[in-house]
Amino acid sequence: MSVAAGVEYYVLLSMGLFCIGLFGILTRRNALMFLMSVELMLNAANINLIAFAFYHGNLTGQVFALFTMALAAAEVAVGLGIILVLYRNFRDVDVTVPTTMRW
Amino acid sequence: MNDWIAIGALALVGLLIPLGMMAVSYLLRPSVPETNKRATYESGEVPTGGTRVRFNIQYYMVALLFLVFDIETVLLFPWAVVYLDAVESDAVSLTEILGPMVAFVVILLVGLAWAWRNGAVQWAQTPRQVESDR
Amino acid sequence: MEGAFSYAPAIAAFPLVAFVVALAFGKYMPKKGALAGILATAGSLLLSVVMLVAVASGEVYHGTIYEWAVGDALTEVGADGIEFTFGILIDPLSALMLVIVSLVAFLVHVFSLGYMNGEGETGLPRYYAGLGLFTFSMLSFVLADNLLMAFMFFELVGLCSFLLIGFWFRTRSAPSAAKKAFLVTRFGDYFFLIGVVAIASTFGTLQFAGEESFVAAAETAIADGTTLFGFGPETWVTITGLLVLGGVIGKSAQFPLHTWLPDAMEGPTTVSALIHAATMVAAGVYLVARMFGYYAQSPTALSIIAFVGGFTALFAATMGVVKDDIKQVLAYSTISQYGYMMLGMGVGGYVAGVFHLMNHAFFKALLFLGAGSVIVLMHHEQDMWKMGGLKDKAPVTYWTFLAGALALAGIVPFSGFWSKDEVLYDALIVGLEQPVILAAYAMGLLAVFFTGFYTFRMVFLTFHGEPRTDTAENPHSVGWSIKFPLVVLGALALLAGVANLAPVAKLTGMDITYLEFWLDGEYGYVEGLTYHDYHELVAFEEGYISSETVTMLLGAGLSLGLAVAGAVTAHVLYNVPEPTRHTAKLGGAYDVLRSNYYQDEYQVWLAEGLTLPLARAADRFDQTVIDGVVNGVSTASLFGGDRVKRIQTGIVTNYAALLVAGFIALLLVLGFIGGWFL
Amino acid sequence: MAVFDLPGWTGLAPALILAATALALFVVDSISPRSANRALLAGVSATGALASLAVAVWFIAAGVGQGGIDGLGVIDLFDGQFVVDAMALYFMIVVAVVTALVSVASYDYMADHTYQAEYYSLLILAATGMSTMAAANSLVTIFIALELTSLPSYALVAILKDNRGSVEAGLKYFLIGALSSAIFVYGVSLVYGATGHLQLDAIAVALEEDVADGFGGLLGLGILMLIGGFAFKTASVPFHFWAPEAYEGAPAPISAFLSSASKAAGFVIAFRVFTTAFPLEVTGELIGLDWTLAFVILAIVTMTVGNFAAATQDKVKRMLAYSSIGHAGYALIGLAGLTVDGGELVMGAAMMHLLVYGFMNTGAFLFVALAEYWGVGRTFEDYNGLANQAPVACFALGIFLFSLAGIPPLGGFWSKYFLFTGAISVGTTSMLLVAAALVVNSALSLYYYSRLVKAVWIEESVVDRDTLAQPTGLYAAIVFAAVMTVVLLPAFGPVSETAIDAAAAVI
């Protein structure tokens, strides 16, 4: 059982991870948990990329995975900044609290 | 199909073992509620205050800076991998190899300089310093 | 002479400038804009004469000035594009008409100096602006080289008539007359518009002249037997021709849309002169002449034109007999005379129709201006029974008016005789083979008697006998600006017949039928637009009583005899010192005639009894069903909007859930359609 | 022309100039932190944007991206990671124009703000990202450019740190954005898995060479997830949830910036990805249906949701936000109308609409900025009778709104008209449905746009107002946008030609 032939397992794994992340987003109200869940989803994509890079025999996917990580970090940085000002304004990091604008 | 059996077995075992251990310990452990058990662990010292202390905002700033700059270095790796090969090859000139990465680093440096000048790495300002900065 | 034609747009542009000037600066000008109008129409007249000379020297002009829409179009005959343009067509017909229109307009402007300025009217800038715009519209209409442009200016002419008839808008009757004129002619114009659209969509062109004209296209279609919109080509040409004719009947005041014209007398008399002689009413007949090649291809349409014309001639003449108002008499005579022109056109007598159009323009302008003069003399009294004996007190008016009356009655050798006789002759020779035309001819002939009668009744009542009122005793004096146009037109009424002395030519064999040569392309001509071409197209057979000359003499003698008989009857009845009414002898017919055959009544009934309930029903439908649906839709939309925006709960977790749900729904729909789950 | 002599990477000059401007702003701020030299900062930003605009226009004029004898052809960069063609330049122009307008307007709007330099540098960074998006030709570069746009945008929306609305808007924008970009990346990974490539042309080649056989499901899911990413960027349903709040809460110039430039940039990558990487025929065989169907659905739903929700709003800014969603639906027609052998007409029309939209929508939001600057309040009633105090700006607002509604003869009418005729000319049932939805929604949109015009021009003011200030920068930007909305009308010939040519080139 070669890895290349078993690429579908990686897809399954990544999909599982993706769904866990999604589940987290849908159920968690803490902004930080939200961020973590997004990270999970991004990493699910990374798994795919790396697995397929191996499968297809080129490095494109791996390099892209590096970019994804870098951008994920940047995203977290911005996100944490926003969560900080959220806390300062609403005294909470619960994402369901700010509802001043709706409808 | 037999691939799936292996995976399934792994998943099953992976689930069963922790669940089983939790179940066993739940069954075996004595239940003695005591406030000390819920106290914050501070290496045996007497705890002062709760776990939910507010950290200074500077921690976040530094953490964020570290995070970003640390991850950006990841991008140096692919470049480093091909660097030697590229230097030896005649097809690409040195500027073409070095140029992009120098530009990248310069951009990072500008960012760092900006962060520095804006006090992001200035440690723990006293209120007086804050006043004087205003 | 090619260069001369480049000034052609100026013919129409001068009065337009006058319009603007009078409107903008009229108040500050010494004669309140009259001078601008006179100068402009004089310029137009001058240029028109130049055009006439140019055509006489063998040149014609057909060019496009502005192309305002070009597009692909799928037409019935297969042409695949259509162009909407403004263009100018100057051929013998339009050159002649230009001179007539600008001459009459010029004289009317001059006359207005005396009639309006002299009488201290207010609102003169508006009046002169209206006249300028009126002249501009009519001249542009004459210059038009395509049906759509013609239609536009046709409508503008109608608008101007509305403005001018309603000049005295503070009275009760003038605005109502203006509205009536506008609405009745508009009613005809609806058909015209439909006709324009029908012709455009059939042939893909609206040009009057040239290879690309709809006339030529219709000819081709008839020759090829192409089926057009499910009809045979001839039938379709008849239908479209009759649709256009709707506009003609409205504007030229033919039965049954003639009712507006007598009421239009509410406008200033000068405006009546312009409307009757040269512009509004003439526009209809001119349009028939302009696209005669098209009508010539449909015997049915021609017969209808001829019959309507003959009937209107008689119908209006009988009503003119009992009128007391001098202008009313003239109004019915106008309707009647245009009936003759239609009759002439309808029997293929293109030259005769145009000839009568020209002569009528002169003598009717004369008569109206004469009537205007009389009205000035009588201190704005229009009832003929209150006049009498003006002959000696206003000789110029009398003699010129008499010349016009003789022309109108068709007494030899005045111009009216020659043209009316030619119309009747053309009708007779065709009528000998066609019973319908013969009936039209008979009516036309009978109308000659009535024409002679009412004309001279008017002359005798107005000018002869003893003055019946104090104002007739001491008339107001009139100035040169009133006399000058009368003299010019009087001379023309006497002499214009020289243009086409067809009977004389036939008898003596001299080549003196100048107008026929003119229209037949002896001078300049546009291919396909000559009398010759038309004559070949018209499918009527012609018959004669024993010989051509005999027929002609017989017809001429008959009509002259009837005219003289009418005049003599009038003389016997009214040329006495103290004329009395003889209406009692008419019995019940008097009431019918007096009430204009109840034309207004039945049209009012049509409007009030039929159209109004229909309109009310439509309004109710609109108010309830349509508005209900519209309001319902808007309410539903707003309610829907209110629901839709509730999706936006403000809670970001819900957004994420909805987002994922939406995404999955999309996935499911697409997967279902794409068969991913099979 | 001289474009020939420059090295290849200068093809990206419009984006690079913006990047350099952003760096320059950082340098300025590093030299004198906390200085509030607004004129210098706004000036540098506007200058950078205008320089970028000038270069892009110059490139188009010089014939970059045009074939034929006098054309310079498409510039390919970094093994096809970037491509500078007519469409890229077209959208670079849109982005640069909007950025310039927003920079000028911000001079007044952000007058009292503490973090001036940060604001402008973030703005220009986001613009850089958008400009780069226009030229990106690989899923890698697209993703990076996308994030380069998004991250500063999040910060910009939340930049009023003490304003609850702004922070809430930033949070929502960020959370939905993070989720969407995760979905997008996952889609990228699936497409990569199916084809083994990330460069768009290479994907197309791989699809044609049957590399992806057997991966149809992955590919289909991947494409759908890519659509999700674009839908987020263009504020299309169901990824639109961030838009009303983000536009409402953000500083008004930023709302203008996001709803115009960011949307346009989102569309350009959608156009490029779907025309270049997924040829209809091959992809259709693999995944079992035409992906245009997805856009048909999205277009109809998006314009309906946007317009219906906008109809009953009380707050002007939020109404504009929803209308912006509606307009995204209109522009989606450009993708829905693609066919195997054509569609440049309808896609060109969508591009035109985005250009016109860049002016009229920016203008409308800038008017809101002006109103916020005056402090007149946020609802329709608060705007009552503004025309008495500020007729010029209100006249411009009238132009923007009527153009947005698509009233002839304004620019918005023509682009909508082209979209409509384009949709009709495709002729399929679904496209006729789309065209019908376009008409119905435009009619509805007239209702709420005219409501605002009525409030401003006809209604009497509820409160007595003093004379209102006339901030130079905001006024200049509004008047310029209004003039452009009108001027685009006579200029529509060349614009539509450029747009349709650009669309034809990528199809």
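Which chain is which? They are A, B, C and D, in the order written, and residues in each are numbered from 1.
The criterion applied here is as follows: a contact is a pair of C-beta atoms (placed from the backbone, for glycine too) under 8 Å apart; a residue touches a chain by one contact, two chains touch by 3 or more.
Because the structure is a prediction, the values reported are computed rather than measured.
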*How short can a path of touching chains from chain A to chain D be, counted in steps?*
1
*What is the touch distance from chain C to chain D, in steps?*
1
*Comparing centres built from CA atoms, which chain ends up most distant from chain C?*
B
*When all chain pairs are ranked by how many C-beta pairs they have in contact, which pair ranks first?*
A-D
*Using the average of all C-alpha atoms in each chain as its centre, how far is it in Å between chain B and chain C?*
94
*For chain A and chain C, let me know how many angstrom lie between their CA-based centres, rounded off.*
83
*Between chain B and chain D, what is the gap in Å from one C-alpha centre to the other?*
35
*Any idea how many Å lie between the Cα centroids of chain A and chain B?*
15
*Using the touch rule from the top of the page, what residues of chain D touch 2 or more other chains?*
171-172, 175, 179, 183, 244-245
*Among the residues of chain C, which are close enough to touch at least two other chains?*
645, 648, 650, 652, 656
*In chain A, what residues contact two or more other chains?*
25, 63, 67, 74, 81, 95, 98-102
*asked:* Please list each pair of chains that are touching.
replied: A-B, A-C, A-D, B-D, C-D
*asked:* Applying the document's contact rule, which stretches of chain C touch chain D when the two form their complex?
replied: 634, 637-638, 640-642, 644-645, 647-648, 650, 652, 655-656, 658-659, 661-663, 665-667, 669-671, 673-676
*In the complex with chain D, residue positions of chain B that touch it*: 107, 110-111, 113-114, 116-119, 133
*Spell out the part of chain D that touches chain B in their complex, as residue ranges.*
23, 26-27, 29-31, 33-34
*asked:* For the complex, give me every residue of chain A touching chain B.
replied: 1, 6, 9, 63, 66-67, 69-70, 72-74, 76-77, 80-81, 84
*Touching chain C in the complex: which residues of chain A?*
22, 25-26, 29, 95-96, 98-103
